[in-house]
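Since the structure comes first, as structure tokens, the remarks are kept for the end.
Labels run A, B and C following the written order; every chain starts at residue 1.
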Amino acid sequence: MDSASAIDAPRGARLPTVVSDRLAKKYSRNLKERAIEALLFLAAFVSVFTTAGIVYILVKESVVFFSQVPILDFLTDRQWTPLFDDAHYGIRVLLSGTITSSVVALLVAIPLGTTIAVYLSEFASPRAREVAKPVLELLSGVPTIVYGYFALLFVTPLLQALIPSLPGFNLLSAGIVMGIMIVPYVASISEDAMRAVPMSLREGSFAMGATRLQTAMKVVVPAATSGIAAAYILGISRAVGETMILAVAAGMQPNLTFNPLEPAATITAYIVQVALGDLPHGSVGYQTIFAAGLSLLLLTLMFNLIGFWMRRRYREVY
Amino acid sequence: MSAIAPSRTEVRRLIVRARRLDVLFVALGIVALGIGFATFVALFLDMLIDGWSRLRPEFFTQFPSRRAGQAGILSAWVGTLLVMIVTACVAVPLGVAAGIYLEEYAPKNWVTDLIEINITNLAGVPSIVYGLLALGLFVYAFGLGQSVQTAGLTLALLILPVVIVATREAIRSIPGMIREGAYAVGATRWQTVKDHIIPYSTPGILTGVIIGMSRAIGETAPIITIGALTFIAFLPPPPVTGDFPFLSFEWLSAPFTVMPIQMFNWTSRPDPAFHANAAAAGTILVFMTLAMNALAIWLRFRLRKNIKW
Amino acid sequence: MVTDMEARTQPKAHATMLGSAQPGAMPPGTGEEPAPPLKAESRRLSFHYGSFKALKDVSMPVHEHRVTALIGPSGCGKSTFLRCFNRMHDLYPGNRYDGQIVLHPDNTDLLAADVDPIEVRMRVSMVFQKPNPFPKSIYENVAYGLRVRGVRNKNLLDEKVEESLRGAALWDEVENRLNEVGSNLSGGQQQRLCIARALATDPEIMLFDEPTSALDPIATASIEELISELKKKVTILIVTHNMQQAARVSDFTAYMYLGELVEFDKTDTIFFKPRRKETEDYITGRFG
């Protein structure tokens, strides 16, 4: 206000009204600024509400569920038959499907994704990289239901030609397609990590007479280890949470197995199966999907936190 | 010098061998990329061929039917369109506002840290968990029903991190001197944001919104979880009516289906005749998401080319 | 060695004598002592970054078991010139060499199209501006060049690693921590580790690209001492920003400006009796 009165001082008599005018304006302006800031803050805080909502809903329903099903049974029972009269709630059954399909997916995604990342980061020309990266992004933008269709009606028949005994629903085909879906994800994060390795390290290696591959494998990849590991772990988290490919192509039959040639339900596929039926709100069957969802959330949360922490670490190094 | 001189031929042989590995790896890299692209091409062609017979104009104007040959995606694409409208109307203002807050307003304190951690974490939460949230919260606690609005809100929450991250990146690329310039002529914070930050970051935000929406279009799991019906042979009430006040929001609470759910339904039927429908719907879905992604990539490319601060 | 001692005399003491320097002094190599044998020489070397000509017709000898310093203002092309000797420029697209760098005694043109840059780098090693140890153990850092050459014999590796670390005056400090990560060392130690790494493969020429610019004075002194020691075994080419450093460590000095070699001579001649006015201006600080 000092400057305002200084400017207005020569106007003499009108000074007081001008100042109060400006004061009033300042207050209303401040009020408006404050209100806008508060609104923007609320928008940002929606993410906290969302997390709180997720945790609240999952925990609330799970508490009711676990009051009827002992948590020990949940963890150790070898059957998952919540909709039968003789109900069993062994999450291990669903976990086995989730783990098996994720392992298959990673066996596809990690070698392919890492190879692509090393190739794009250390070998490809900038031009090739500029073309390949967006195309890879397109690949990861395909809806998962479409991948599900592809797994069930293209990859499975193809695999059946090689393995005649393969059933129409199986974890193998779903896992392979899921792996392909995760490739761009793994490749892109690993490539970021490798590109963050300073050029001086590469030059040091080349100056010793190393080839590109030697430099890539002995210097760049080790230097980017934590970033690459983060890519893998975030890829695992992706695989564990993937739903539609498995719901479509792996069958929704609970099956305690680690054999990818068999059909089996995953945690996610089970939730879909229950949601497709018409379970009454408040029944134990309804609550199982929240207990399953909570297990899923904890699993992915664990992987995400590890991955997040590792990514942060490589950012700190350079 | 002399230590290497006698074995120079040996060194050469070594280099030749090492170089051969280099070439081998390049081949491997190209094969790996090729597998990715080939999968994509196979996927697209497979669906196109399977669904070609159904890709006719009637397919868009018919309701689903018990007979595969007469089934169409009318209710599905209308449903998708309506859900997307709700999603965009919720996610864009919320996401952009949150991005602006975090970049331009947020103080460095634990609340801001909490928000940031939440956004990072939400980006990694499986989509089906959002479905469970919506089922417990929107459907039952808020009583919004298994409706267009529930689906729209769910997908909005799902893509919110994408929009926020894109907004923040777009804002971050605006150099500080722009802000200083605005403040120097006496603009308030909000005026600076409204007149400079938002306009200059619009293309970047748009890229994020398009990518987020393309993800929302293809999302199936959370919508199934909230209990969307898979067989809908009617359209929601139209938003414009003949009577005063000419606008109706009944469609918000109408039951609905969307494209990916329709496709899921057809895919999971044993009768192969329906698979053609699924393939046709899938082709359209892929085409839509591809177009949106391509648009986003193109926008980003142009952005990088045009803007030189 | 005579030149060594002369190089160590304080250049400042002679700065006042520059005014009395004879114009048209003796041509290089015809001094009091016979010129040492040539290890390499560049012949009419030009270099392009894309369309930018960074080096113009540079012809310069490199004498065996001597330290040759490249000095000149920033952007004069001294680093570019240095990096031609092990073809580091091949790593980036759009670069072009014209002319030759001939390596003696076998008269190989390092820049010839049919000469493999990897083979060149195996003979000519390099130490960089900033220490760049690999994210590996100290041992593996030093053994890297040997492993790249396919050496698997553990005894030979052990022997070479120790020898190189001793050569780089680092052995006593790291003897008991060879399995620690190289980046845990101090800046000066890291740079000596990089020197050990470059030394392990018995290079014929070692290139130093401003090796002390990221180091404190004490670490700098130890590196300089090391360089004077190393020339008994290997021919050294060093780029430096610091004229005192050039005066202290080198036997020959080349002054470059705008991509051209302005003057090349024995270090004391360059510093005390330069033939060219530009060199004198630069040395006495009248330039830049």
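One rule holds for everything that comes next: a contact is a pair of C-beta atoms (placed from the backbone, for glycine too) under 8 Å apart; a residue touches a chain by one contact, two chains touch by 3 or more.
Predicted model only: the values in this text are computed from it and were never measured.
If you draw each protein chain as a dot and join the dots that touch, every dot ends up joined to every other dot. The leading chain pair by number of C-beta pairs in contact is A-B.
The most central chain, judged by the distance from its Cα centroid to the centroid of all protein Cα atoms shown, is A.
Centroids of chain A and chain C (each the mean of its C-alpha atoms) stand 50 Å apart. Work out the mean CA point of chain A and of chain B, and you get 14 Å between them.
Averaging C-alpha coordinates per chain places the centre of chain B 55 Å away from that of chain C.
Of all residues in chain A, those that touch two or more other chains are 209, 211, 214.
Counting only residues that touch two or more partner chains, chain B has 15, 18-19.
Chain C has residues 118-119, 122, 148-149, 201 in contact with two or more other chains. Contact residues of chain C toward chain A in the complex are 86, 88, 91, 93, 118-119, 121-122, 125-126, 128, 130, 132-136, 144-145, 147-149, 194, 197-198, 201. Chain B contributes residues 1, 3-5, 11-12, 14-15, 18-19 to its touches with chain C in the complex. Taken in their complex, chain C has these residues touching chain B: 106, 116, 118-119, 122-123, 148-150, 201-202, 204.
Within the complex, the chain A residues that touch chain C are 125, 198, 200-211, 214, 218-219, 222-223.
By the touch rule above, chain B contacts chain A in their complex via residues 15, 18-19, 21-22, 25-26, 28-30, 32-33, 35-37, 39-40, 42-43, 46-47, 50, 93-95, 97-98, 100-102, 105-106, 114-115, 118-122, 124-133, 135-137, 140, 157, 160-161, 164, 188-190, 211, 214-215, 217-221, 224-227, 230, 260, 263-264, 267-268, 275, 278-279, 282, 285-286, 289-290, 292-294, 297.
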